[in-house]
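Working notes, beginning with the structure itself.
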């Protein structure tokens, strides 16, 4: 009868693991789901969604003899409305602000680069969460009203049958804007709270600047400095509704914000510097 | 003179130090403060340095209660553990501020600063900002902070942490020098070997109580449950073993390659007989080393027996 | 395991490692040197994060600077000096996470996490969040993280930092267990000479990016002829102390330990002297170089 | 034998000792905050003048009431306050100060005073800049200075009392202040912005209350006194809190 002394065998070789970026993203998602604040935001979003649905149906019904009628472009864009986007900014700043900063605080990043995680993997993993989260939250706000509208009134409903074609790209751009901005802000901070502050500061600060500039210059194009205004502009533009910001200003503003914050994130997470 | 009279310290409901009484004479010398994590070392240090008031009982340093007592604080220097430093400041500037806060000014301050920096070997590097100093340099500046006002009692909490080996040796030399100048130094450390190099006098805390106090050899002599182990290297270990079993007072014996380990109940009676036998050439002999008379062994026996 | 030939690594114009010739086999190698000696550069080089600017190097058979060297990170384990733990997650979950990052599929990584945590001796507490762990437990999690992918080479940076005597001794036992049971090469960087003395088979001394000394422990700690250390049962009287010169020249005294150069290399002589003086010897050991002496000699020539 | 330093000596030592912090990153952020608004305003008004568009007195008033008073001064206080006594707690250097024989109650003010003077200096420069555009300098400067004084003291106290002091500060300055503006009655008394407006005059495009109430009026000197005394009380409370709380090496408190 042999004695099997406890020991540590070599690592198992069978089975290919996921790409590091996906492992990273899943780890973050699990962590987010455990937070109490996450549940609060979930509740808030559900509330907004309900109000949205109610507005979609009861407003036109009350107006014209209780019938569901097709609505204009502004209405479609309104599905990704001001209140929703504001809440989302808060949520993304809260979650995204901690994405990189928490690794900085706990000094995990050096260890990641000591394991087979490349700089690109790291950014991809974090970016996936930062961009994916707002996108996944926005998606039901597009698809639910659209689906219900189709079911109840077919092509004659208040939501265009083609609305997702306009709104999903808008949601994607908005998610990128939110995600990349908070990623950059988060990499500037050394604590999750600090990341939240940098993200909110970036959004609100640019917002104040945009308001001041457009007010003083008398040109609403300057609103493009504000990421909040940009996020609101995209659904309107892609649905063809008129707004304060035109194509060019919106595109330019978004591009500048994306490249600036992405650059910050890239610079602040380099492996060489992380491994002290 | 430090006196504790049933002094205790609680953090809320958490025990820091159980009611403890002892007194420690001052005068030049070094006392090592030892104990496992959570033994109450830092609680004791904080009571002595007047950072925290005792939750019960009394603490007296130089005859007065030290808690935020200026008359006591000017006579104590302390270096807390950890790499703490004011970000963005330069070493000498910070030290000058510390000196002013101790009531030094003018030329008196400058000479105190120069003396303290010389003592820690930082004269030419103190003007650097803390952030560009190495851990070891920052520790020296903190030490200078404790020496600035020429305190009679210097309390050091884990002073060697983060220092490289050379800096450790230098710091030990500095501390021995200070002790020679009549200062009393209380050093808390986890590194028993370093405490042993510095001093023979220790205070050992365990689970918030004072467990032992005195010199290492005195304390070892009290631990009579543990026989002393002596390793004898010899060309013929069997001959040593044969000699030893004839002797009384042998508690055990273990053969090793080229050596034999003898467990002895009373080294005081056994060793003279051993010495006599070696001198008379009763067996071949090359070396004798006691295995458990040092601080390391004393510490482990004490902690084992009372944990 | 590691072979460097005239290796040089620079950050821009600053030289971090210079002309390093080194060959290390299996076992534990202690790395000594002041702060800023180049230890962290060495680590980054071993992980393939820095490319040598001159010279050549092989780590586990992989040439440094070659495209293959990205694979080094799969074969080198790193235990950092500072706390690098995800505080709000359990030890189990984070070790599994590191396993997955090293390319294991999720179920394998979870089994592996349990195995590794058993190995480092972290029991039921593995399911609790790390934020409540003691220093010793934290060090164990860090070690588990470095072992999860079965590295052939381990870099342990100050593994006993902040531990109390008991915890330190257990951590060093664990280091030896890694050497003996896993057959991995271990690079042990420590400021505590006692730790290195206890664990290391080889020694490397670095200073300002240059290799000052390397070799086996015993080779570097040469035995000094006729030198021995004496300790007596009771402190010597000043008269006895003065009489020590009959025995040889007294080189140093520290806390009752006399460092003596004997007149003749006879271990029995001190006993005869003690008999005559009425003193009792408890220690008489031939004197090797202490590690601090080896270090100082290597650093200052 | 060194003597116990007097409160003034301790104040001077800390003020001087921490002076270099003011001209590092955080200090320049504090300085830049009001300057961004003013320089932006100057550039815009020059551009407008070159275009031939006349800019009325509304521009400096807008900069003051939309930029400086409600946004920049609170942010300055938010940036500066954590660099006071809170910083010593966070980097665990407070024990070094407590180990010295000086009075403890002077510490919070001594650590905040430098930030007050530095911020005040730049607010003065900002007001002079706006003066070029036609703003009445002295009352506006007094309003900003007193607001900064009160807010800095308030945030320093919060930082001492709560671990998340800055968060509570953000809530107080950016949620409570603007929200209460729309509420009726004497509640306005408990906002900073109300007293700033009492000192500097109401914003020309000022917010209409949701509940459309007649605005509450407070006298110039009454508001000045309120801000001044509130600040003093906050510093005193911070000093008292530190004086009565035993603080150990870990920065935590122990119960006597």
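Chains: A, B, C and D, in written order; residue numbering restarts at 1 for each.
Keep in mind that, in the parts below, a contact is a pair of C-beta atoms (placed from the backbone, for glycine too) under 8 Å apart; a residue touches a chain by one contact, two chains touch by 3 or more.
Note that the structure is a prediction, hence the values are computed from the model and not measured.
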Shortest walk length in steps over touching chains, subunit C through to subunit D: 2
Relative to subunit D, chain with the most remote C-alpha centre: C
Geometric centre distance via CA averages, subunit C-subunit B, whole Å: 23
Geometric centre distance via CA averages, subunit B-subunit A, whole Å: 56
Whole-Å gap separating subunit A and subunit C, where each centre is the average of the chain's CA atoms: 47
Geometric centre distance via CA averages, subunit D-subunit A, whole Å: 34
Overlap residues in subunit C, where contacts from two or more other chains coincide: none
Where subunit B touches two or more other chains, by residue: none
Overall pattern in which the protein chains touch one another (line/ring/star/complete/other): ring
Touching chain combinations (by label order): A-C, A-D, B-C, B-D
Residues of subunit A touching subunit C in the complex: 6-12, 14-18, 20, 23-24, 27, 31, 34, 102, 106-108, 110-118, 271-272, 275-276
Complex interface listing, subunit B residues touching subunit C: 34-37, 134-136, 161-169, 190-193, 196-197, 199-200, 230, 267-268, 271-272, 275-276, 278-279, 281, 285-290, 293, 296, 299-300, 303
Footprint of subunit A on subunit C - complex, ascending: 40, 43-44, 47, 49-50, 70-71, 73-74, 76-78, 80, 82-89, 97-109, 111-112, 115-116, 118-119, 145, 147-150, 181-182
Residue ranges of subunit D touching subunit B (in the complex, touch as defined): 1-5, 9-10, 12-14, 16-18, 20-21, 24, 87-88, 91-93, 95-102, 104, 246-249, 252-256
Residue ranges of subunit A touching subunit D (in the complex, touch as defined): 193, 197, 208-209, 211-213, 215-217
